[in-house]
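What follows is a short report on a single structure.
Going in written order, the chains are labelled A, B, C and D, and every chain counts its residues from 1.
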C-alpha cells in the first residue's frame, strides 16, 4: 500500500490541527515522517529502504497498529540533497504534524537533520550515516547501521583484524579512495587502524569520482608493492578498480575493504568471478550464522516486490535495516505506551531489542554498543548468475568471530586464481 | 513617480517579511521562503550578466559555493557574525568574477561560458582537497540559537535573505535604468558596434561579471547556517547553475522583474513538487519548461504579458 | 628500473585514454569548431549511445561496438532533427548565442531525466569478450577494455578526417565553416550542409557511447563529467581541427594519467581544466589552431 | 598644406600567415573628403578596422590629431573623434532607432550634457530624415533607412573623422543620390570623411583625394582624375 501525502491529506491535517487540538481523536493515525532519496545519487538504496518501511507499516497495521492507532508514513523525496532537509522536516513537523521522525538514507542527509532535531528535542533514528553524532553528541540520536561505538575506526576494524591474524603477517598497506564523503570517512578510519595494527602506509591517495581510467592508479599502487590494499570506492570506481587490478595484475595478500556496490546484485552479477578473493564489508549475507528470526521471511516478501519497485533484487544490504530502524521505534512506542520523545529515547538507550537484523543495543552515542560490521570474502563465484548470490558459501563471514561462517583464502591470489 | 515606485516596493517587501516573522507560526514557510528568496538573488545576479549583457555563466554553483565556503571558513575560524560572512562571501566571489572575466571576457562569449563550466569543477576539486573545511566529507555547522528580536534564527535567516533579494533587485533595477545598463544592452546586441560607439565593453563586462558574481556569493553566504552541513557535492550542485539560468529565461531576461517572476514561479513549483510529485519528473519538468520557453516564448513571461498588454492598448 | 616501467605504463595508459577522449570530443569539434553550434548536450548524447548499447547487449547479447555502429544512422537522423529545430528557432533569427546555449542545456536535462526514468540511477555495464583481458608487451600492460576504445577512437578520427577532406559533402562542410555567405553565392545551400554536418557530429556519439560503456559502468548523469573535458579538448585542439582533436585528447589523457600516477589522482581533472583555462587566456585559437 | 588629422605609418596586419596589410601609409588632412578604394579582399576593411581599433596592427603607427592611438582600444579612439559605420549594418537590435543614437551620445560624444541627449539624437535623426521612425526597432527599417541609421549613429558620436564603410552598397542610384548630399553637408560642418566605396560614381564625385589598395598594399594616391588614369589601378581592377 502506498500512502502519499496528497493535497487532501495536507489540508485535512491542517483542518484537524485547527479544530482538533486538545481533543483526542482515537482514529487519528500515528504519523512517521521522513525524507528519503527517491531521486539523485542514492535513490537506488533510498527506494529499497522505502519499500522496507512500507512493509513494516503494513505489518504493524495488520497487527492493529501502535497504541491501537494505525501507522501512517509521511515522506518526501530528499533528492539525495542535504539542502532539502531543513524544509522537508520543518514541513513534516509543522504542517503535517508527524508524531515521529526517522532520517533518510545516508550520512549527508542525516547531518542537517540532527541539529534540527536538537532544536526541538526530538528522537531521531538514522539510516546508515557514518559518525553523524561525533560533533553533536546528541542523546536522542540513534544509528541502525551496525558499525559500533567508534564509527570510522570500527567500520574497517574487521578488515584489519582479519589481516593481522594471517601468516605471514602483512606489513604494508595502500589506502585509496574516491574524493567524496563516504570514502573520506572510511579512509580516515583505515589510517587509524593501520597505525593501531602496525601496518606501514606505503600509498595513500584519493581520486576524483569522475575518474575514467583506474589503471594508472592501480599501477602506482602496485609500484609500492603493498601487502594489503584497502579501497574505499563508490560503485563505478569499484568496478573500475577491480577491472584495473585484474588487468594490471595487482595481487596483494588482501584486497578490498570498503568498496561500495559489491553489496548489490547489479555489480555482483557483472563482475562475477572477478570478485573471488575480494574481502569487503557487509551488513548482512545469507550465511547460516546470520539467519535471525524473521529475516528470511522478510527477504522473501521483499524480493517478490523488488522487481516491480525497481530496486536491488537481493536486498541484503539496506532493506532489513530499513525495516529494523522503524521496528525499534515501534518497539519503543509500544514499550513506553507513549509518543513522548524523551521516554522513547530513554527506552531505546536502555535495552537490547529483537529485530529482524538480530539483537540491537545502542550505546551512549546512539551507535551500536558493540560493532557488528561484517567482513566477508567472495569465494567460488562462477559466471554472472544472480541466483548463486542467494546461496551461502559465496560471501563467507570472516569477522566478527561471533558470526564467522568460513575462513579466509590467503593470500588474495590464491582465491583469485 | 517612476523612481519612487521600486523603492516603495522594496520597503513594502521588507516590511511584509518582517511582519510575517511576527505573525506566522509555521516555520516551514520560513524555510521555503528562504529558498525562494535565495533563488531570486541568484536569478537576478545571473541575469545582470546573462540577460543584460548576453554572456552565459554556467558556473553559478562555483560562485555560490565560494560564498558558502567563505562563510564557513569565517564561522570555523572566528565565529564571525552573519553580516560579515555575507559581505566577505560577496567580495570573494566578486574577485573570482573579476579574475575569470579578465581571463576570458576578451574572447567570444562562448569561451567565457566554457571557462565558467571548468571553473566550478576546478574550485570543487580544491575544496575537496581542503581539509580545514572538511574536504569531501564536509563540515557540520551549528546554527546560533536565536537572534533577537527574531523568535528563531531561521526567522532571522529568512528576513536576511528577503533583504538580500530586495537589495539585488534594486541593484538590477538601477543597472537596467542607468547608462551602465544601456551600455550592457548595446554589448548584448552587437559588441563590436558598441565598442565602436564609445562603449568601454571590456570594462562594462567586467563590472557586470563582478556585480553578478558578488550577488551569487552573497546568496551562498547564509547557506551554512541554513543547511547546517556544508559539503562540496551539494554546495556545487548543478541545481544552482540550472535554476539561475532557467529562471530568468522563463521570467524574461531583459528586465529586472523577469528573473524575479521566474524565480518565484519556478522555485515555488519545485518546492510544491518536492512535497507532492516526489520523483524524477520534477527535473524533467524543469528541462521541458526551459526548452519550451526558449523555443516558444523567447521573451519569457514578462515579454508575453507585455505583448498581451500592448495588444490590448493598440 | 621500476620507475621506468611506471613511466612507460603511464604514457601508454595516457595514450589509450586519449584515444577514447578524442572519440567523445569529435562531435564537439564538428559542431562547435566547424559549425559554431555550442552543443553542450553532446556528452549526454554519448550517454544515450551507451544505454542503447547496454539495452541491445543485455537483451540480445550484441557486441557494444556493433550496436554503436548500428546506431550511427539513427543518431545521424536524430542530429538532423535537432539541428532543424535549432536552426528554425535560433540560427535563422540570429539568436543562437544565448538562447541556443540554453536550448542545449535544457535538452541535456530532458535526455538525462528520460534515461533516469527508464533505467533508474543504477550503474549499467555491458559484457563483451574483450572486457577484462589485457595484453602484455614487456613490462607494459594494455587493457583491452581501454585499447579497443582507443583504436576505435583513432579510427573514427581518421574516418572523419577522410570524410571531411575527400568527399564532396565533407569539403562543403569545411567551406561552410569558413564562409557560409560565399558558399551561398556559389549556389550551395549552407543550411543543408550544416544539417548534414550536425548529423555527423551526433552520429559520432553513438560509437563514443558504446566505447564509454565498454570502459566502465554508466549512469544517466555521467555525461556531465565530460562536458568540461570535451570542450577543453575541442578548444585545445584548435576549433574544428580533426587531427588537433586527437592530439588534444592524447595530451589530456597523458596529463591526467601522469598526474594520477605521480602526483595524486585527485588533481587529475583539475590539472586538465587548469590547462583549458590557461589556453583560453593565452592562446584561445588552441594549440593547433589556424 | 593643412595639418594631418590622421596619420597611418607603415601599418602591417597579419592573419596567421596571411598578410592582409603590408606597410600601408596614409595621411588624411583636417576637413578633407578622402576616398579609399580597391578590389575585393584588398584590405580596405582591415585598414578601417585598424584605424578604428577593432583590430590591432602588428607593426606601424597610427596617430590621430597628433596622438599615437596605435594601442588604444576602439572606444577610446571613438571618444577622441574617430567614428565609423559598418559595411553590414550592425544596429542595436533591441533598441529603438532613437535609443540606438543615445548610446554614442552618452558614451562617446564629448560635449553633450546628459539632459540634452534625446534632443540631440532627434536633431541628428531629422537631419537624416529618420525622425518619424525614431520609435521603431531597427528590424523594421528598410535597407536605405538602415544605412541612414548606421550613419546617424556614427554621427551621434560627434566625430572629427567619420569613416563610412560602403554605406551605399546595395542601394539604388536614386538612394545613393539621396545619401551623398548628407555626407557633403557633414563635411561642410568641418567633419573629415573617409569614404570606402565600390560605387565609383559616388567616390569619384565625393572625394578630393583617393587612395587605392591592392593585396594589402597602397598602389596609388591622388585626386580622382589622376587615379582614373593610373595604369596600376586599372591593372588591379581589371587584372593583367
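Simple rule for what comes next: a contact is a pair of C-beta atoms (placed from the backbone, for glycine too) under 8 Å apart; a residue touches a chain by one contact, two chains touch by 3 or more.
Quantities reported herein were computed from a predicted structural model and do not represent experimental measurements.
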> What chain is the most remote from chain C, judged by the mean position of CA atoms in each chain?
Replying inline: D
>> So the centre of each chain is just the mean of its C-alpha atoms; given that, what is the distance between chain B and chain C in Å?
In response: 32
> At what distance in angstrom does the C-alpha mean of chain D lie from that of chain C?
Replying inline: 45
> So what's the Cα centroid distance for chain A and chain C, whole Å?
Replying inline: 37
> Hey, how far is the Cα centre of chain A from the one of chain D, in Å?
Replying inline: 73
> If you look at chain C, which of its residues touch at least two other chains?
Replying inline: 116, 266, 269-270
>> Can you pull out the residues of chain B that are in contact with at least two other chains?
In response: 125, 128-129, 280, 283
> Tell me, which residues of chain D touch at least two other chains?
Replying inline: none
>> Can you give me every chain pair that touches, using the contact definition above?
In response: A-B, A-C, B-C, B-D
> In the complex formed with chain B, which residues of chain A make contact?
Replying inline: 4-7, 38-39, 75-77, 79, 81-88, 90-91, 94-95, 108, 111-112, 114-116, 119, 135-136, 178-181, 183-185, 206, 208
> Any idea which chain B residues touch chain A in the complex?
Replying inline: 25-28, 30-32, 35, 125, 128-129, 135-138, 140, 142-143, 152, 154, 223, 226-229, 231, 233-234, 237, 239, 271, 274-276, 278-280, 282-283
> Given the complex with chain D, which residues does chain B contribute to the contact?
Replying inline: 179, 182-183, 185-186, 188-190, 192-202, 254
> Of all residues in chain C, which touch chain B in the complex?
Replying inline: 32, 38, 40, 85, 89, 95, 97-99, 101-103, 105-110, 112-114, 116-117, 224, 227-228, 231-232, 235, 266-267, 269-270, 273-274, 276-277, 280-281, 284
> In the complex formed with chain C, which residues of chain A make contact?
Replying inline: 39-44, 179, 205-208, 210-213, 215-217, 219-220, 223, 235-236, 239-240, 243-244, 246-249, 261, 266-267, 270, 274, 310, 384
